[in-house]
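These are the structures in question, set out in turn.
Each of the next two complexes has subunit A plus one other chain: subunit B in the first, subunit C in the second.
And now, the complex of A and B:
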C-alpha cells in the first residue's frame, strides 16, 4: 500500500503499533523495574514508575545464604538444576529426534504415516490429565524427586515435536543428494551424517531452541515430582514466592527476571529459528 | 538399495520416540483410565470395576462450578484469542517497518515461562498496589481500586484476559502469515469494483484464510485446555474456588487432598473432552493430512 497517499495513514499505523508494543512489553518491563525498587517504594501509593533509588539488593538477597528466602531455596542450586535438566533433555531430544526424523522423511516402512500422525496427536494429551498417572509411574520407577526422572519425562514429551520439525525440514532437501553419495559408495548412515544433516542444521537448531525453552519453563510436572530442595528447579523456586507475595515483591521481580533471562537470550539471538518452528508447529499443534 | 534393511533401520531409528510416547503418554493415559474405575482409599487400591469415582465426582458440589469455569476458560478464551488475534494479525500484515519489527517482538509473551507471566500479571492486578487498578482509579474509571483476582465475579474473566496476552501472539502471527499470502490480484480486483476496506476484508481476505482460521481456533482450544500453571499460580483456584478449572481441580484433588479417585475421574473427563477436540482438529485438518502424508 502507498503510505504517502493518505496523510493520516502513517499516524494511524504508528499509533496502533505503539499500543501493541506497549501491551506486549509492559508486563515484563514492569516486573523488571520492580526488581530494582525498594520494599518501601513498592508499598507506596501513588505508584512511582521509576525506581527512586535503583538497588540490586533484591538480587543480593536471593543469593545471600543468610537471608530468609534463601534458607528454603538456594538459587544457585535451582539455576544449576534447571540448566542440567533443560540442556540434557535438549541434547537427547535432538539426537533421537534426528534419527526418527530421518526415518520418517526418507525411509519407507509399513505404518509410517500412521505412526507419525499418532506421535503428533500424542502431544495434545500432555496436560493436567497426565499429572496423577505420571506421578504414579515415576514412583513405581523410583524416579520421583530426581533430576533424571525429569530429564526422561521432558525428553519423552519433547521428542514427537522435534521429530516432526526435523522430518518436515529433511523432506525439503533433495533426495538426489544422498542417492548420488550412496552411488559413490557411501552407506546410508554416512550419507545421512555427511550429506543431509549439514543441510538440516537450521531445523536442528529450531528443535533444540524449542525444547530448551519448554523444558526451562515447565512447572506442573516438576512441582509434583521434585520434593527435596536440592532437586528443585527455577520455576518451582519462583512459584514458592506466592506466599510472601506483597511483602517481598522486589525479590519476586528479581527471581522472575533471572528465570526469564535465558529465555530472552535464546529468543533474541534465535529470532528467525523461532518463527520457523512456531509456524511449522502451529499447523500440526 | 535394500528395502528390507531400510525397513529395519527405520524401525530401529524410530524406536526411542515410539517407546517414549508409549511409556510416558499412552501408558499413563491407560493407567489413569483404569484408576478411575478402581476404588482408591488414601492411595491404596481396593478393587477394580466401579463407577464410584465418577459418582463421587458428580456429587461434588464443585463439579458444576468447575465445568462452568472451564467453559468460560476454554470457550471464552478461544473466541477472544481468535478475535484479537485476527485483528492484530490483520494489522501486522500491513507492509511497514513498524509491523516488521512487531512481528518479531510479538512472540515474547509466547516464550515467557508461565510462572513469570503469572507473577507479572498478579502484580499488575494487585488489589492495593496494582498498577492497573490504581490507574483506573486515578483516571476516574472506578471509585475504588478493584481487586480483580479477589472478586469471585471477576476472577475468571481476569484470568482469560491474561490468557489472551499469553496465547494471542501466535494466533496473530499465523493469521498474519495467512493474510499475507492472499493473492494481491483478488484484493486489487475488489478494490476496482468499489469495495471498501471492511468489505475487502470480509469478502476477500476471510474466505481466503478460512482454513487457517478454523485450524487455529481448534488448536487454540487444545492449548488453552492444557494450560495449568498460569491460573494455578495466579489464584490457586480461588477465591473460594471461583476460578477452579479442570486442570487446577485435578492438581488440587491429586496432590493436596490426595483424593485420587475423584482426581482420576476428572482426568478421564478431561481426556474425553480433549479427544473430542482432537477429533475435531483431525477432521478440520483432513485435507492437510492427506496431502502432507504423501509429500
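And now, the complex of A and C:
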C-alpha cells in the first residue's frame, strides 16, 4: 500500500468497525435506555429514544419485596447463585488450568501436542448435542438441580480453553528464567509462582475473564439442570422474567441491565489484559 | 573450596549420545574455559554441572561429594545465561537479591549484600531500574551480580558475551577476568570464541563432537596441540597446514621446498601434515619459493597470504612490508616451530 492510500484505508476500517459496533450495540443500548423509562412512555407513539424523565422505578420494583416482580422472582437469590457458580468455577478453572497449562508448556510427555490440540477441538462439540447426555449424567450422579453440579459442569467445560490459553502464554516465557530461578535456589514450584506466573498474569486474567463471562451468561445447561427456584441463576431468571413482563418492558430492561453489569465491570477492568492475553500465542514481543 | 570433578560423563537424547564420556578436573579457584565448534556439547556439559540436565552415566562431584542427584538449588552453583535471563518483573536490586530472598536471609542482610555486589559491578545507580531499562552491557553485569551476590562455590557462564557488540565484548571480557581475580571463585566458562578462551582461561578444554580433544593451559594448547583439530582451532589467524613428505631427514612439500628437519623416528617417504603458525614464517633470501597474494596491514603487523603449491599460506610479520601482489618471495620456518601431524590419524607426531 502506498503512503497516500494509508489514511483512507484506516478511515475505511474504522468506519466498518463503527458500523458493526452500532449494529451490535444498538439493541442493547435501547434496552438500557428503556430501563429508565416509565411504562407509559414506552407505550407512547412516536417512539422516544431518550427517557423523558429518567427514573429508577423499574430497578426498585425488582428488589422491593412488596412488588409483584420480586415476589415472582427473587433477584438477590438469583444473583447470589450466579455469583457462586461463576466465581467458584472460575477459581477452579484458573487453578487447574494453570497447573495443566504449565505441564503442557514445560514438561515432555508422549502425545502432549495431540492432547493439547484435542482440548481445543473438544470445545467445538459443545452445545445442544451435549444437553441430554449431560442431563442424564447429572441425574445419575445425583447432581441435578444443584449449584455444585453446575459448578463442576462449567469447570469441565471451561478447563480446556483456559488450559490452552495459559499453556500458549507460558510457552512464550523463556525457560531460562525458570532455570535461572532454580539455580538461584528455587524449587520448581517456587520458580513457577515467583517468576513464571507473575509474567503470565495477562493470560491468567484473560482465562478468568473468559470463563467468568461464559459461566455468568450460560443458559442452556442451567435451564435443564436447575429446577427449584432457590437454585436458579440470573439467566434463567431473566428468561422467565421476559415471559412474565412482556408488557412492562422497562422492567425487562432493568433486569437485563442488571444481569449485564458484572460482565461490563469485568471487561472494564480487564480489557487491557484481555487483548494481550488472547494475542499471547500469536505475536512475539 | 569449589573443585569440580567430572568422571566419564555421558548424555543421550533418546538414542543419540551427545557426550561420550567426559573426564574433567576443575581445581578450586581455576578459570576453565570449554571451547569448541557449535553443537559439540559445551552447553549440555555445563547444564549437567548445573543440574539443569540429567546425565545418562558418570559422576559429577563438587569438592569430592557426588552431586549427580542433587537438584540445582542444592548444588551451590551459580550460572549466567547467554540471554542473561533477568526476571523482567523485578528491579535490578530484586533480581540480584532473589537468591538471598529464597534463602530466607533478612532484609537488611539482603540489602547489604546486594549493595556490595552492585558496588563491585558499578550497578549502584541502576538498582531501582527494570531489566528492560538497561543496555546490553548493563544487563550482562546484572546477570553477573546476581551470581556473585550468593557467593557460590562455582560460577558457570554459557557464552555470556555473545549478545554484545565487539567492543563491549572485549571490555566485559576484562571485567569478568578481573572479577575472577578478585573473588577467586572456581569458574567454568563456555564459548566458541577461541580468543575469549585464550585470553581468559587458566585451563582450556577443547571439545569436538561430544569428546574432549585436549585440555591444558592456553600456551600448552597453542604450542603443543595434540592433533590437527586443536591446532587449527586455537590461534588466530589459524595455523597453516601443508601436505608434505619426509626425505633425507627433512620435511619437503610436493614441489620440493624444504620446510624444516624431520625427527629421526620418521622413515623416509612418510606422508605428514605440516603445521606452521603464521608468526613462525619469515621472509628470507633462500628457502621455499612462494608468490605474494594478499597484503593486509593492520598497523602493528601485516598479514600476508602467500601461494605455494596451489595452496594458501598465511604469515604475519611485524616488519614493514614493501612487497606487492604477484612478487615472488622465499620463506623459512622458525627453527623448532614446525609441527608435524600424522596424515591419517591427524594426531601430532612432533
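Definition applied: the second predicted complex is superposed on the first by the 245 of 285 C-alpha atoms of A that agree within 3 Å, B and C clash if a C-alpha of one lies under 4 Å from a C-alpha of the other, contacts with A are read in each partner's own complex, and residues count from 1 in each chain.
Operating definition for what follows: a residue touches a chain if its C-beta (ideal position, glycine included) is under 8 Å from a C-beta of that chain, and two chains touch if they have at least 3 such contacts.
Everything numeric in this text was worked out from a predicted model, so none of it was measured.
Colleague: Do subunit B and subunit C fit side by side on subunit A in the superposed arrangement, or is it a clash?
Modeller: These partners fit in the superposed model.
Colleague: According to the stated criteria, A:62 is in contact with first (subunit B), second (subunit C), both, or neither; which is it?
Modeller: In the superposition, A:62 contacts neither subunit B nor subunit C.
Colleague: Taking the superposition on A as described, I'd like to know which of subunit B and subunit C A:42 touches: first, second, both or neither.
Modeller: The first partner, subunit B, only.
Colleague: Using the superposition described at the top, determine whether subunit B or subunit C touches more residues of subunit A.
Modeller: B
Colleague: Using the superposition on chain A described above, determine whether A:170 touches subunit B (first), subunit C (second), both, or neither.
Modeller: Touch status of A:170: no partner.
Colleague: If you stack the two complexes on chain A, which partner ends up touching A:182: first (subunit B), second (subunit C), both, or neither?
Modeller: In the superposition, A:182 contacts both subunit B and subunit C.
Colleague: A:220 contacts which: subunit B (first), subunit C (second), both, neither?
Modeller: After superposition on chain A, A:220 lies in contact with subunit B alone.
Colleague: Classify the contacts of A:241 with the two partner chains as first (subunit B alone), second (subunit C alone), both, or neither.
Modeller: first
Colleague: Touching A:256, do we find subunit B (first), subunit C (second), both, or neither?
Modeller: first
Colleague: With both complexes placed on chain A, how many Å separate the closest C-alpha atoms of subunit B and subunit C?
Modeller: Once the two complexes are overlaid, subunit B and subunit C approach no closer than 5 Å between C-alpha atoms.
Colleague: Intersection of subunit A residues contacting subunit B with those contacting subunit C?
Modeller: 182
Colleague: Over in the complex, which subunit B residues touch subunit A? Could you list them?
Modeller: 1, 3, 6-7, 9-11, 13-14, 16-18, 20-21, 23-29, 31-32, 35, 88, 91, 94-96, 98-99, 102-117, 119-124, 126, 128-129, 131, 134, 138, 165, 169-170, 173-174, 177, 215-216, 219, 222, 225-226, 228-229, 232-233, 236, 246-248, 250-251, 254-255, 260, 263-264, 267-268, 270-271, 274, 277-278, 281-282, 285, 288-289, 293, 295
Colleague: Show which residues of subunit C lie in contact with subunit A when the two form their complex.
Modeller: Going by the criterion above, the answer is residues 50-52, 71-73, 77-79, 81-83, 85, 87-89, 98-99, 102-103, 146, 150.
Colleague: State the interface residues of subunit A toward subunit B in the complex, per the touch definition above.
Modeller: Touch residues, subunit A against subunit B: 1, 3, 13-14, 16-17, 20-21, 23-25, 27-28, 30-31, 34, 42-47, 96-97, 99-100, 102-104, 107-110, 112-113, 115-119, 121-122, 124-137, 152-153, 155-157, 159-160, 163, 171, 182, 188, 213, 216-217, 219-220, 224, 235, 238-239, 241-242, 245-246, 249, 252-253, 256, 259-260, 263, 266-267, 271, 274-275, 278-279, 282-285.
Colleague: Quick one: in the complex, what on subunit A touches subunit C?
Modeller: 174, 176-177, 179-187, 190, 194-195, 198-199
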